[in-house]
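Shared chain: subunit A. Partners: subunit B in the first complex, subunit C in the second.
This part shows the complex of A and B:
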């Protein structure tokens, strides 16, 4: 069952809160409850790998147990003889695949691709796979595959003596003024190192897929943040036309950056399905999710701030390092917040990447901005204490009135408003400056502040809008909803434009047969797709009104009107004269079964190839500093921690965050996303850390009991305040990014609060008790 | 595994009797999802750590991934599909989850809701702190926790007032 078959019958919150004034919940900006909600709370929502297919077989992966070396041999005899086994896949019998274009649009090397490795570059790499009639049989047989290795020494992590300084990434270098000289000459100087560990996306729905070939056409049911990008990868791997690959992903159980690409296990499943001539399901196990794709790279930064005696920054010198894999490249841009948060006449940021024996790292909520903010937002707090002024005051004193890097005005920057609203709601003025000066019994209380930001990533989009014979409206897009609320805000957008109730709008997403779409990542989808749907719906409405005015069989034909209005699903003359008929009645009288309009925001001169690139790579995306403005979301977090003086345990007891995401398309859902980011940030600050076994280069806490994410009991009430204003330089309807913003700045706000509580600066995440006692 | 190693089992799920023949090692979770097509119960970790597979067995919340299907024989199993009334009227907890926006991606949601129903029935929804503690076994990576607490609080009040009305 898909969402459009389960129209919401619940009419809760049809109207917005009083604070929304006259805004109806169903219009853009209203607090409409999730339209996909009823399917999710009744269990009717079928996620990708839950499709029931005739003849489905089950694949289980076998992973390397060493971090570096070579597979000497694989003994598959016992596995092949095990009950129910259909196929044991190794590099020896794997089908030869092509390498595929990457997400940036880089053409692939002219070399074959094998998702099963002979040369081992990390522990947990896929080396074989077993396919059997049942899941249980495949699990049992996979345990019988015997792999022999020739092991070589591994570089286990950034601290490994063999790791070295890494490779300079020139594209990350940012320089203006003379930062080194200005730092040396500054009256006040601080310099410190800030580290973040490997962190993992851990969406509640593990990755996996069902692959099914019919001739040379492949259907893949797979949770996906990017149907068209992944379809391209599968098509190139198997050498079939792009149009022959269909990706289906009606609901996605969380992604956080991890579900945008086709990974090796997808190639394994699709290959097995091709070899067996029947559908194959491969569900990545929870432990395998730690190595089947990459989490956030471990990072190291040093931040040096030179300031005058009043705390005005004269120079920022920033150096960063992130880990990447032996044979892949991931750059976590560590200078991204450092270079724009504060005004400074002198700046220098450089970054290296270091190759270690790990899976290639990937995107995790606000890649770059998140660790970058941890560095600069802790450092500015340290400077405040060095100078002896309030941590909020020092931020205002160094407020960047324009983008210090590209020297362009901000499109909108409600950060000053965020500081004011957050401080007021939190009661910041009651804070006493001295560390360890606030307590409640044996609990040391600390109040910390930090800011966050995320660029407005913009792209072009397209959408299909249909008006059906019964007067309902259908929106189609191959974009997706992984919980951000795409189904809901696109229904609201179409409802507002078309003048129909939102419950009469059916939004269909998550199928690559629909109007194509680019990646859902970097908080870009809402802005891109509301713009495209707005345009398509406007086109459909124009057709409808045009028909009503001009068709000889229309009841409006004799009216000689220039236009008509549509409200609540009914057409009428704006002058109030003439008839009033429903959309269904009009279509019936003019003999039309439907009206269809494609709408897009793409440049008029684009070719089919440009559109293909737009939907399958990020090569056509627009820079956030393109044109006359620099575009970003902004936020300020105010956080209270309570630290047990004897045990060093840290609890977050209060959070107030004020955020500028521009215009909110649905505040109810945006607030949920902001809070979700803040909660993930609390986990990052206090709990999350991938622990490497230094002997074997393995992640040893590769499960949800040992890799700690925040639980319900770790989280207090959270107050979020919207301070955004519509930003039409950022998107068609005035919104900026929502999803990534909330997490940025949370970890430094907590680290700063812990310092205020205890007098200890913990610059190495997570802030665990042994670092405090 | 030949058919000789399969065992016939009868399961009582959401008031309906199901007969199936499965290997003895099949978990209740896989029996529901793969053999009976009841995919509302989710597999988040398959090792008892996340709570996404929470169902009720004889009214108690259990992790279906740590329960063999055969262990549920002769017991009444309730999954998310069996929570609403036959006419589609939502359980108070379901309605509260929708109203409070107590989920985003929806994948942990069936387990959260089944846990919440039990949490209220156990008498562990007396305060926000108590709700947080007794709902802490159900992980939510989207971070809907404050809204889950609000939904459980709201549903607990509704359940209490409907019980008062009934008595």
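This part shows the complex of A and C:
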């Protein structure tokens, strides 16, 4: 199937569509279908660990069965003697690795790094690994490794009496006015605690890699949201130059934040490959996806809102806690939405982090904003009921006309428009305020609203664009496509600039040999990469036009540059009175096999080291509040739930969300990202929870039958409405973040709807049936 | 998963002989067997593949009842027109079970034999204590996470829930399990844990389920399976009920009633006390709700599963009222 056959008709444009009326699906703003879709549907797309390599061997991890203590001894005799076993790796025979720079750019400690632990800090930690000729042999032998432990008491979770108050994170403190006094003096007050459990990314494609050394050069096939960042980590671990490590990650079956870093199992596989002189494959099992890296940290927040009798907020006092591991630090910024959603003269937010015996938590779609919105967006609903006004009205009454925290104007904030469009499409005005006032037989019906936001994370980008002899265009970047549509929008960007059809553009991603790229996370990639490709493509086009008018063999020789048009892959004079040739013909007549242009949006004075840092850490990223504006995406979710009054089961029956992501490079893909976020939010609200056995400090529902995510049957039709306008303060082409926005605010909208349906406030996610029965 | 030998049986007798060997296990759809082998729970020495046996996947329905071969797929039975019309609860129990992919693979014989979803049972590396897996080793679930565990039929040795849906419907309608020549009532086929939770079924080594049969009845013809769970599909029941009803000629007085509970007990749980209390009564919401409470008279919770005691009678009552009211 070709890209053409799959391309959908130009759907009827949605209300408020910010696609700025692109006429062709190929152009930026058009609804081009995913160009990688056919390869994925037919199975032609080869994922990282599907590579077939000569002499491939298989590694299987042995994990700790205690949550805290020390490995006393490891008996590997039986495993070594098992059929097919090539290597049993323990801390005793592990190759000495260096510690690596972290993603923030923090220089590493001058200490060795060992991915296999002697000191156990969580259940499921890697303690050994077995490599064998076949996967089955490695699995069988791994079961024969006998590990003896000296166990010590574990701190299992935030509720553990041993957990304590934790470590205050001063960088998270935000204060203005006198929040405590204003709260005490406020005529209307609410104060409540909101909790979210451990949640997991559960990508469809589990993690894993193939590591292959050739001399001191390492190739790693691994699903990755950040090839250059991970390549740097591998390079530093093994003490080889960055250029010696090649990461390959052509397709990614979902990451949701979990595939941005090289983890311990990667070090294990690469180490084994080095020791054996053979390529080693290590496929993380589904249960291991709960412990080989971290999901979203469990969080606790208290939100106190003081308001006047009309519901105008006078004070917000917010306290947050998230768990982190014993030896790693993860801060889930719980005050991130709290401080910007509503105008308030007095504000205080502080956060502690508590160490518990878990794997260090990590990023999961909208880290920070997601749980933060759960707190403030439920609290404002509670305040609306306390004051006795509509939950939508209270949001408008407290609308922040500028960023209340940094006191700068918004770059764009179409949140009022989102409320209006969402409410209209949902029929919000027909809502009766009283809880339990809407029902259908046994089903209590509830309507809830909540807002969401996500900052525009900006960074500088680079890209390579080539025009090949046949007139086709090649875009290269070591950035990736994990389903969000990078292949497609970069083809659209190049096609638009170069005046060629999108199917003549081949986008190559997912190989660290290509032009370097920073992390695909924080919803920044589309903005960064469309900017870079736009620049590179413009450069290539300039070269092409330059050749056309300067080369003596060109039919356009000696014409003025501004008298040439390039459209549909052909060059012509605007009035059509001169020669007209295809790009291929031109390149042929001037005897060029290709034109190549690197483009970047990086500052002119950057050194090579600056560029390296830009692509391998987030140290060079731009703050969303840098300069004169505060930049964020915004959304409003309107959700209907049906709660069975006897069974306590909650079903989401209607979702209307209006979202402001600025200009949409491809509305079809943006809508799909928003819907994906909303679907994930429904799972988060109603189903998802890592359940810990508190005696053993172990996640016991570590599989997809027991860790519940939403199925199709749980998801109603979702209507998404774009209310964005181009925001040129946020990105070169006017877009703001898309991927993470959709999930933010879904859980509180559902919790608020459940309150409206039942009169019960459930402040602990997920909202399972026993909490309502 | 350790190495095992694979044997393809070409007759029922050969299958039974092979299954009698120590460490041998029958392989049907494999959706339970392979899963548990991967978890390290079952470690067969020989896997006896019965999927190539002829004549074991039939479904016949007549006025006397239905006979379903052990190798019939869950999806084929769920979709069978006569099963749908004469035994709606059976069809509904099947299509609400597992996922479409699993139902296309899994067989009726294997379905009856599925094991508990107790997370401690399924994780031997981390939880060595499990009386069901290793008799006498203890029970890791008691004192642990018990949200999915049983409230009926438990013992000090084991509180694991029988997770299947189909068997709940079979027990309600007096089905029979055919083990070749020997026949066992479905209700007797599933054993209470007592002091031997490792023994789950009244089946001996070398025996094999060849078919199940369900006698026709008016109650089976007017029946439903109601499954309640947090997730709308692809989740085991928090509580479920298979219910069938037959009225007297007046269309209101209950002549025959069948009630069985799933998801709350250590075996498919026939609620005879509820049936007896309502027989001869006029169908009426309050009476039904009151009588449904009899199902949980002997229930014992272990903390987090307490909600099942609240939920189970409500599910029964809703199911009875639903089949009773739809004329």
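Definition applied: the second predicted complex is superposed on the first by the 744 of 773 C-alpha atoms of A that agree within 3 Å, B and C clash if a C-alpha of one lies under 4 Å from a C-alpha of the other, contacts with A are read in each partner's own complex, and residues count from 1 in each chain.
What we mean here is this: contacts are C-beta pairs under 8 Å (C-beta built on N, C-alpha and C of every residue); 3 or more make two chains touch, one makes a residue touch a chain.
Bear in mind that the values here come from a model prediction, so they are computed numbers and not experimental data.
K.L.:
Comparing subunit B against subunit C, which has contacts with more of the residues in subunit A?
P.N.:
Touched residues of subunit A are more numerous for B.
K.L.:
May I ask you to decide whether A:686 touches subunit B, subunit C, both, or neither, giving the answer as first, second, both or neither?
P.N.:
A:686: touches subunit C, not subunit B.
K.L.:
Kindly classify A:146 by the partners it touches after superposition: subunit B alone (first), subunit C alone (second), both, or neither?
P.N.:
In the superposition, A:146 contacts neither subunit B nor subunit C.
K.L.:
Is A:705 contacted by the first partner subunit B, the second partner subunit C, both or neither?
P.N.:
After superposition on chain A, A:705 lies in contact with both partners, subunit B and subunit C.
K.L.:
For A:713, select first, second, both or neither according to whether it touches subunit B, subunit C, the two together, or no partner.
P.N.:
After superposing on A, A:713 lies in contact with both subunit B and subunit C.
K.L.:
Let me test your reading of the model: by the given contact rule, A:45 touches which partner, first (subunit B), second (subunit C), both or neither?
P.N.:
first
K.L.:
For A:436, using the defined touch cut-off, is the partner it touches subunit B, subunit C, both, or neither? Pick first, second, both or neither.
P.N.:
Touch partners of A:436: none, neither subunit B nor subunit C.
K.L.:
Per the contact definition in the header, classify A:283: touching subunit B only (first), subunit C only (second), both, or neither.
P.N.:
first
K.L.:
Classify the contacts of A:136 with the two partner chains as first (subunit B alone), second (subunit C alone), both, or neither.
P.N.:
In the superposed model, A:136 contacts both subunit B and subunit C.
K.L.:
Check the residue A:80 against both partner chains and state whether it touches subunit B (first), subunit C (second), both, or neither.
P.N.:
In the superposition, A:80 touches no partner, neither subunit B nor subunit C.
K.L.:
Subunit A residues touched by both subunit B and subunit C?
P.N.:
Overlap of subunit B and subunit C footprints on subunit A: residues 136, 705, 710-714.
K.L.:
Would you tell me which residues of subunit A are touching subunit C in their complex?
P.N.:
Residues in contact with subunit C: 65, 123, 136, 139-140, 143, 442, 644, 646-649, 651, 686-687, 691-696, 698, 700-701, 705-706, 708, 710-714, 766, 768-770, 773.
K.L.:
Would you pull the subunit C residues touching subunit A in the complex into a rising list?
P.N.:
Residues of subunit C touching subunit A: 1-3, 40, 117, 119-120, 123, 125-127, 143-145, 147, 228-235, 238, 304, 306-307, 310-311, 314-315, 317-318.
K.L.:
Which of the residues in subunit B end up touching subunit A in this complex?
P.N.:
Within the complex, subunit B contacts subunit A at residues 1-2, 5, 23, 25-26, 30, 33-34, 37-47, 49-50, 52, 79-81, 83-84, 88, 90, 94-95, 97-99, 101, 103-110, 113, 128, 131-133, 135-149.
K.L.:
Touching residues of subunit A toward subunit B in the complex: what are they?
P.N.:
By the definition above, subunit A touches subunit B via 9-10, 12-13, 33-34, 36-47, 50, 52, 83-84, 134-137, 201-206, 251-254, 256, 283, 285-286, 482-485, 668-669, 671-673, 675-680, 703-705, 709-718.
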